[in-house]
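Please go over the structures that come below.
Each of the next two complexes has chain A plus one other chain: chain B in the first, chain C in the second.
== the complex of A and B ==
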């Protein structure tokens, strides 16, 4: 057991600046090994308006740091560089391809009297390597989901094509990075599963199997409800990143038209088909439109022999969403989309209301949701299941947490400690603000609890957490 | 094409001497016996039934032409009718009149199974008066009228005995009326009209069978199916009164299957006497000896749901149903689901009847407990039948994609769950085996996550065995053991085998089993890790337990820990041992 009392930031009149993205670049040192050709190494650089020589200098510096640290440990090159003003993260996703992200440290601007310029205090130790390292890896995974590996693009169209693809993808993607709200959940990159009774789950299974049988083009299916996963025909690693895309990008962009007002432009045209609420979130917005395009985003998932390219059809009825994945070699037609709409729409609508009904019944049986005194994050490395009562619903723009960032940082610190050893561990921290923070690791599971009981002692806190485990996690093996 | 026939005659014909000037032949429907009476009985009477046991041969005096001859049940009394107004009982000569009814009767029919006699009354003959015999009493039942297609003028006997038959179908007595096609009424063909004759209450017209043709017909009941033979086309039609016809008016039935002729049959020549190639006795008399061949129906009835409804009500249906199930083809998942649901519905009804019977048996007997043990018919197809005859072989099929195999297995499990039937472990095992063979571990993981494969110790052990190929199986298994709450020993074993000695110790303490566990087992495991501090901790922990339980920290000889005590002393010295505290 470890006791830490971290110092808390204070000063109400001070101006706080959250961490922000300074630059993001991708290079390959083998592309311009000779002097004078350094620019060729750079495949992508954000912000693009930076002067050429500065870009070359920054890339050169990273290259040098990585080379230098390699001499100490050839198998584990440097992952990050801490400086007073910023922090750099290095990641080599494919051989010789490097992604570097530079994040400015959070800072506090303290006003000075007598008209002097304010003093800026950089908070060098606030950023967590694990969190932002995970963000860089996620950037690559997301790129790879829609474009395949760097190597694959190089093979098909050389450096020019790769540069083009990187530009196209990261230009938009980097705008959606919200570095100030990254936390432990980014480290986990977990999946929230929808709790469901066995019978309803089997019905969903049956639905998926039937659709895959009637529309034999469909190779894989994933099923979500309320932005939570219920079924994945994809392998776990692919699902992990697809889930991230769906829940943080695609779904928030298509808020429920059912919830939208009558005259809202979000509400789709009711084109005579009142039998179901099904609609395409990718591909054609309106099937009846004679101009409709039947083009879907393509994604890359792992296959036995490398990667396979698939059309991603996301179809939603009320809160139920089904993702159908079809080999990209097939051209999708209007007929196919109409067939899918006719088959899936009514069934999915029915299932969605079934699930909703079951969920309400189960909730009623288990009694009214008791607002627990504690907030927790649970993560299971085995199935990537995550559960958080700390985070509000994620939206495209922000990820809201209901606790102070300092507490989130303590959680991140505990997680780093857990990562260091294989053994089961338990860490209890009393934070400056009188909160208790408890981290438990049992086999592949991690649980973080924040308790707001300032007068409680260590034993009471321990008992409280035991009680939480007994009520919330009684159906899994979780060592006390 | 042998497969085109769905009806055939029994393999064992009843052979007898054909009717001639010296030989009279009679058939008794009640006992299903054929009487061949030679020379009025003087040169012999041979009685044969469908089974050899009921064959009898005897002689009697020739006292004139025999008009009718029958045995009582069990061949105890023989009744012979020689004149229209007298019946002779050769073995017992006294008879007592119990009850008499005076009615003008055109003709009568008697149904031996239900002991109901039907009398044709009135001039047209279409008012039928049934009487039921039971325990020596005769009960007059409600009379009823058969609707005639044409009412003749002047009135004359119109309803013929030949057009009326009685039969028990699905346990209920029906009067079947063959309503011939009438030129005056615009109807496409003849019909069979079924009147339901309940034990109490009024007789009601309940079903109409459309024959869609005209001519001469004969009726049979085989396995609760109504078989209508059409003479001129030499084909037979099958009707099932329980098959609902969605596109017809209620209780109007079309034939289940297209008309087919009876399976050709040759009577083997045997005996010195020349046996005619065709028996002279009309076939319809041999009620019990018809066989409906179910396998051909499978090809003839395309709608698998309807086919299941049909098959589930037949007597020898099990193997046919199972063979239908094993022919599941790709593209038929909704059909497979329907078939499973129909099977499991019957299976569930049986289980429930069985359960309530067992509850009655064990509970306090009420009013003599008249409830009968439910009969398990062939239509009850349980999980073991499905496993043995269908699913197990199905998972081995190479010509079917694993996707479809898994879909079918899941569909069966879904159907069982929907009917609240507890799924047997071997089905889960089959699912797991199929998933593992196809490397679909993530799928398996998801099924377990949603408890589709219910918890059990064998399943948990199976998962443990998968750990080397799929490491997360370890966690899944431990979770399952935990949920079972009766597997604490197993959990300790698993943890110890993983050298998680402290974890095991903490676990057993949290479930309150610390006082009863074997210290030696833990010390063995602790010593094996080679971690001296761990050994020290575990050793001291058990010394403390001993102190608490027995007031002495030392181990009992029964615990066989001497070796570990010596090891402890060697590592940490004698003085590190906990000393007994004296009070």
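== the complex of A and C ==
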């Protein structure tokens, strides 16, 4: 159980517990239709140590809920179940395959006198369905990125293989879910784009073209700087989940040694190559190592005829990262990797310093950094572009936001309100804490602003947001 | 048992077609006589006796002798009324003989028992009347027609095919079932056809319960399913209206309270304590219409959403004179006098000692108004019926005298609540006084001229509609919460558009009153309108503007609107609710029993008196 700082309440001993993962399971009701065979329905169950009958009971409840809601609409079954203690989220990504995530509501534990057990108060209205529904869908997308669909695995190796794959993937993946810090950004699942001037952008484009031409094996390329995307040859939905993987899992895992500096013992042996800073984040850690393995993670992306399987090569120099994707049918050799390293390494190093320079200039032009009167989140449904000045940095383990969680939830509420009707809308609300929160939806774009001017009135708030739109959003539309 | 039940109904039907008028001098109509019969049929002692000495084998012969033997009161029913007497076995069936287990000294219990029996009689009477086409003009009463433009002519939703698409497409389903999974009520489709669906609902409830947890709701893309467990009853709402879970739960609570208003909480728990799989429909027979009516009102009338009462705008002089008339026509144990026109409140007068420690909850008033509106039987003369005000005291009955003052139009209705079940004649006399005074002052024609107002009277362009609920009323904590709102006019003239605007208000309301994240203000600009909701310590306001209004204009408009309301408040609201003092007879007053209850830790019904 995760515990946050004790609240300064009456007794100063109330303990507040954040939402946590109670269980996560995947089942297919058609796999054990007869009585006594229910266990066969269960393909994955976390935590695995739960007793068999308990698992069967919980799966049974989900089946019953889904069946029950079909009484009222056969095509749109249940998505979530709210109970006093927890919420369950249902997702059927492929026919008859159900993923269920059970999240415990946040709660407050109040100690009782006289040695009585503490009173537990569940906060039932704190979790947003949209946020956690998105988290479940993300789980599936991430699984699918590395394993392909459930159906495909069933075809190639039957239920046994599927169970194996699910076990292998989710055992680790579930540990990286940090349910207490999920918010509106998970609903969008957007991509943060790096703002860039045209010249530098063209330089990157020509770099990508050159590499793809010289190394014809490369099917797709993606280019990122500072964890933000600049160029991608992948389909949007594939890039979305790959981006999520890169920024929340792969990059954070490799960032610590880099930050540690060149002479730190933490830094992996850099093989005396002083010409460039390039290195593989996937595949061989050291090309010079005679034992080096040239195995890369495989990913599945959409293709005209279903899915194609690809090697994922991630190569990084300073803050610039390039992803190269090559058909999985090709075997990748030491020669190929050396060739790639020799070609990409120096160019990427150069590009990285170019971008860095450009970035610093731009920053200087835009004036000295001062604490603005507002914070915002922007999302564009068309290109998945997202920008947040609320989130400090999203890493694998923590997501730091600079505003109160309640305000984040109000943003989530406004987002739900926008989803009610498909038309342009604007919503301005004043919270009990006197913060103003503004949501705007126009065409496919959504903007959420939190204003810190507590004494402002509606008209002043309106002016402030107008000003923000005028100044902040000139260079964000660069990819539109 | 089931057969008995049917037989009773038939017997009653026979009785209705052959009115026993000659033996009930003050009862000038059929309905009244039936209700009176019901009430006086089972005085406490009779009920106690009848139920403890169960003898269902010869109901017909048992009853008359019991009545004559045990009820020597002046209104004792002549044995010739055989038809209604056959109700008695029904009462015995309905109310399992607790006295056998508890002993007959449990006077409080017995009292309640007979009360629920009486109610059944009243309800059955109404149902029968309507089936017979006596005094029935379609399903909705004039009150409903005037108040809420609902109702195409009555078509029974009970006969619906529950597997059909049209059944699924209903905006809001409501189901009531017992803990044993027995159907009690379904808004659409017959309970029988839905018994397996309701069984599933109960299974879900108890399954989650077995894990030491409580089921709250299920969400799918188009529907929200909300569960509410109250005592031995489970209420379920399946809605595609996009209302918040809390709002839907509030609505289920209204349904629960309406059931309580007919049977009392104590008697329901007692019934199910005794027999878990009891079929409560026996007791509620004929009252489906009341629940149907309630649900239609809940959907179409914002009073329920705001938990406030809508007053008919009235010159304060007229309202005062009406209050004075009510104030003068009193009798011991009379506690509330309520005058209603077009389903809106004209005035309400309370007994002083009652008002001291309690005010009538808006929900109780809503339930009363629904009761009046839901059945056209009330239009037929005078009604005397036990009724429980669940928020005032869920375990005990008031006795309501209901009579329209302007037959045959039936728009102005007088409601007198007494704590004394024997007070019918005294209360009827009050009505006569009130009628006389109103005639003398020509009040009825003045009331007839009163009507709701148009938003154009406010004189603010761009303002299309609003709802205003003040908190700065004098003596607020003792007053009935009220709100004011103009008629819905174009572009909200059609039923569909009305509902859409109400849905927008509901959405604003749910956000601004969210339990976990309440707000102070919401300004919402959409393509078809701009909405503003604002909650302060002095008022709660919802406004609807044309979509092109600027924020500056909206703010100016609201300033003007608030000024206008201030100017008109004497006309829009009951400002100083009058009180009167009857000489309460503490042993019989509901209030006194209530305070006794508060003293005891016994949370159920009246403990030994």
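Convention: the second predicted complex is superposed on the first by the 447 of 480 C-alpha atoms of A that agree within 3 Å, B and C clash if a C-alpha of one lies under 4 Å from a C-alpha of the other, contacts with A are read in each partner's own complex, and residues count from 1 in each chain.
The rule is short, and it goes like this: a contact is a pair of C-beta atoms (placed from the backbone, for glycine too) under 8 Å apart; a residue touches a chain by one contact, two chains touch by 3 or more.
Nothing here was measured: the structure is a model prediction, and the numbers come from that model.
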Clash-or-fit label for the pair chain B, chain C on chain A:
fit
Quick one: classify A:429 as touching chain B (first), chain C (second), both or neither.
second
Quick one: angle from chain B through chain A to chain C, Cα centres, nearest 10°?
130
May I ask you to decide whether A:13 touches chain B, chain C, both, or neither, giving the answer as first, second, both or neither?
neither
Quick check on the superposed pair: does A:462 touch chain B, chain C, both, or neither? Answer first, second, both or neither.
second
Does the superposition put A:193 against chain B (first), chain C (second), both, or neither?
first
Applying the document's definition of touch, where does A:421 land relative to chain B and chain C: first, second, both, or neither?
second
Which of chain B and chain C A:444 touches, first, second, both or neither:
first
Report for A:382: first if it touches chain B alone, second if chain C alone, otherwise both or neither.
first
Taking the superposition on A as described, I'd like to know which of chain B and chain C A:65 touches: first, second, both or neither.
second
Does chain A have more residues touched by chain B or by chain C?
C
Note down the smallest distance between any C-alpha of chain B and any C-alpha of chain C in the overlay, whole angstrom.
5
Where on chain A do the contacts from chain B and from chain C line up?
424
Complex interface listing, chain A residues touching chain C
61, 64-65, 67-69, 71-73, 76-86, 123-126, 129, 406, 409-410, 413, 417, 420-421, 423-432, 434, 457-459, 462
Which residues of chain A touch chain B in their complex?
193, 196, 198-199, 201-203, 205-206, 209-210, 212-214, 230-233, 235-236, 380, 382-383, 385, 424, 443-445, 475-477, 479-480
Residue ranges of chain C touching chain A (in the complex, touch as defined)
168, 173, 197, 200-201, 203-204, 207-208, 213-223, 225, 238, 242, 245, 507, 511, 514-527, 551-552, 555
Can you list the residues on chain B that touch chain A in the complex?
330-331, 333-334, 337, 403-404, 406-407, 410-411, 413-414, 417-418, 442-443, 445-446, 449-452, 472, 474-476, 478-479, 481-483, 491, 500, 503, 506-507, 510
